[in-house]
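What follows is a set of structures for review.
Here subunit A shows up in two complexes: once beside subunit B, once beside subunit C.
Up next, the complex of A and B:
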């Protein structure tokens, strides 16, 4: 395989606040290949959105105090790119959609203007051509009556339609990469399915690679090629989607999967409370000593609390399935 | 359209209440116009005669309805002191006040908006602190102090600008502008400060919104980001502040007009109050209230222009 389209390498990121330094990311690495859909999964505060924001360098300089590692897009390190270069990339080569479509579109500009402006900016289209293209894009994302809708304001759109409009904005310039940060979280379930279907269809039609950030493993199972599981600012497991669901290796991944309701148990069987992962996501202040998950882990031994586990293949047979755990991975290999 | 008719109809009760209040307040305040007109050496009979001739011996209710009756016929009455029709007196004074108000606000907008926007974008940096400090200073200095300081500097010492007075635009643009520079600057600083603070606060809120992050993720360039995406969202409070400022200025910039001896509404108000010239004061208050209501209507209509969610 050639060089990946987007490659995040050993990304460290810290915020300063009055209470101290928060280490939001501790050595996160992943890569995205052309046309692929990569899922990044984890619970709130694990650093998945921060990673996404960091790729486009959208985190404001204060409070972000420290950022190191590399984010390479087609080989170009975005951490060293100028603001002007970043503005060329944003919305053009890499674009982004956000969690809450109710607040992520500008309420005082028409949907058409919000689509047309990126075309006029990045593709140098004339106003008339940009608006004509905006109508086509609304049609592409299945918004009915786009000719009329293009002149409407966001408050005249439903939540699902706004997210479609966001997708139309993001895809306007045919980007190579689309980062979708919890694109379905704020929507109800039927609309979620439609949005995911739309993203999947557009990926196949346009070849745009997608980074899907979510806490919903169900969404990942249906659409992603590969999955990265994050916990407390670090990557704990990575595998092809089928592989991850078949053989979850990190106790955290297993906990997440166990916490999902199952549809295949018969209704007659008594259904108890879903198992949960005990404890809370740890505070990210101060340096990590040992495995971040150890305090909540049923399998933890002394070594877990003192040494950070390496990120390693879970067995020799499948080098792409890797996890960071002393117990389930390293011991298995040792045996 | 229905909204417009409703709003214009709502002006009538407002003006009625204003009329009653101003009428009563004047009659309740100490001082008697007859005494002032008659002068120090007049006898009690003379004063009584003057009072009768002015209709001030009538019962209050009678005086009030007499005045209202005249108003309904478009007659604001006659100045007790000068004998001139009130409406004519006011119209003579409108030009300087209108110009002063318009230019003062224009001055404030030209300086305050960029300052406020820049301070919000550069929040918590030295730019922001500088703007805040300048605003606090400008806001705290009394107009007469700034006015006299400017006159001393630019007129007395340097001799660049006239000390006081007003020249109509009809007398040529240059003298007109030369006479207005100092009044506009000294009266405008406080509005500049107010507006800059308001702009900064609202822009700061807007810049924290999700859709600004979206716009940044789209690669939108800074001028468009600030002016199109952010400022339009911040427009409603800013327009309100500007509108209220204009309304206050139209009501007569008494201190500015006094310091620079500008024959505007503010001066007329002060003079009329000193003379207990009831009809003139009543007329000014009514006309000013009308202007207030009209400006508020314009502001409400502008809201819809900036924020499509506001519809009447």
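Up next, the complex of A and C:
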């Protein structure tokens, strides 16, 4: 575990549009270790998906105007890799599954062709061998009757089955890293539970490390080893999953957890109000002056509005639990 | 149809604002051969909503919950059944006879982007229902500003176009439009599922505040079980066009009787549950409503299914005070 498998260091990313420059990421860093499931959570526009796209260099040059920092995969900086090298990596060593299982598969090719294509391209398998492997992969992801299903088209699959087929395509070459961008958001809760169990099982069986990008804290709580919380293009908190949910320290993390209705709180009559986070996510045009969350934060002090807080351990006891806040919540309570 | 359906229709003590009895919505099947079977989107459901009450309607995609909700407003015409609003069966009225009742029944849609006309200013969007019912006199700036203030939008917002609002603000606009005519019932069709968690809490609180102030009733259609638990007094669970369980929220969540309700609740990811989870996962997908399984429609995914389940369809049976579930084995 000395060197992480995938390491994102101080990633900055900006988009240009007619309205100006949007700073989508401002110094995001995280590491993924072998066999680990890392959760990246945050609301729309926090930069979680952009981070994932950046790792595979899937963002076209315009409108992306600026990208700096480093993305190291086994020590190799992907930001400096050639397009040919990236094509070797994509779908082979690092693969990705997307939120919408309908638009991320090709509707005019059978599922089997789409799995076999990856195997023939990256692993140089012969057509017959690739198809045999495609059947095995569909079986691996619990698709019933894979011999027949391999010849079907995406529209003949239900949403949950399509997402499983996507996972089969992504895992075809036994990648070291799987980036799952909101893999269950479009699915019903019973199907979501099936997909999350499948991802967890595959991780244990194949050793593939997973970056799970989601807005759902519940999904993270049940499946990830570590969690990164993002807000407005920056990382605001990072900790082991149990630690994060036991002691959420950044006011934004606390706010998110409090704002979620839960199944295990007592039902009072009349029902108590849900704690809100007032206001909304700020525009990312222009440089951050101070903490991006300060305008919505009940604990903000003058310093929060003028200086960007450092990302630092919340106390001496647990150096892996870090947050970017001038006043961690613990301090606020002590005062 | 039978006594249990009639009982299930009775809400807590008081007379109901709205009673839905044996509501059916079939869509014609497609194709020529074999002879197409109708798609049973809503298959004989009954429930009631009291004054100032919120009834949650939950289920997975394709279970018919949105169809049921829209049928109540006659945005979709029912195939059969009664929709009784304060004693009048509105399902039987002609379009012109029904028109005055539209004032009492309003809807907030799921998608705050496609449900607002992008070429109309916010003020005109909210004033449109008033103008439709000849109440242009109530559309002066002060009255409109009061309505905007009620949903947490400032006076400036009245001049803006929908594209200038965020998702949460658009949903507030949709709520203001629904409130304009002082309705008795607002059907909320997944009103917060397109919103981020922090914004979702704001909109849920707004809906609750409005209910306290105005006494409006909600039919709250959603797939998020935690949100439904928070906002509802009673909850109905639908599966393939039928209500499989209905009961008071505390009772239904603490003591779910139908295996589908149990499985749904077990499938919700929970903060605090930790990594170790032992779930009874439902296998497979929702069957097609065009070809529902015989007997109990849940039997193909049910961990308790036996041969009897294929033969007869279970009826709702009393499980406790105002708590009904439809299963052969409970």
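Note that in this section the second predicted complex is superposed on the first by the 321 of 335 C-alpha atoms of A that agree within 3 Å, B and C clash if a C-alpha of one lies under 4 Å from a C-alpha of the other, contacts with A are read in each partner's own complex, and residues count from 1 in each chain.
Assume a contact is a pair of C-beta atoms (placed from the backbone, for glycine too) under 8 Å apart; a residue touches a chain by one contact, two chains touch by 3 or more.
Just so we're clear, the structure is a prediction, and the values are computed from it rather than from any experiment.
With both complexes brought onto subunit A, simultaneous placement of subunit B and subunit C is permitted, the two fitting side by side without a clash. After overlaying the two complexes on the shared chain, residue contacts for A:249 are found with neither subunit B nor subunit C. Which of subunit B and subunit C touches more residues of subunit A is settled by the count: it is C. Between the C-alpha centres of subunit B and subunit C, as viewed from that of subunit A after superposition on chain A, lies an angle of 80 degrees, to the nearest 10. Of the two partner chains placed by the overlay, only subunit B lies in contact with A:107; subunit C stays clear of it. When both complexes are overlaid on chain A, the residue A:22 reaches neither subunit B nor subunit C. When the shared chain is aligned, subunit C comes close enough to touch A:217, but subunit B does not. The overlay of the two complexes leaves subunit B and subunit C separated by a minimum Cα distance of 10 Å. In the superposition on chain A, none of the residues of subunit A is touched both by subunit B in one structure and by subunit C in the other.
Per the touch definition, subunit A reaches subunit C in the complex via residues 43-44, 144, 158-161, 188-194, 196-197, 215-219, 221-223, 241-242, 245, 255-257, 259-264, 267, 270-271, 273-278, 280-281.
Per the touch definition, subunit C reaches subunit A in the complex via residues 60-61, 166-168, 196-202, 204-205, 208, 212, 223-227, 229-231, 249-250, 253, 263-275, 277, 279, 281-286. Across the complex, subunit B is touched by residues 56, 58, 62, 86-92, 95-96, 98, 100, 103-110, 117-118, 121-122, 153, 155, 166, 169 of subunit A.
Those residues of subunit B whose C-beta lies close enough to touch subunit A in the complex are 124, 209-211, 213-221, 224, 228-229, 232-233, 306-309.
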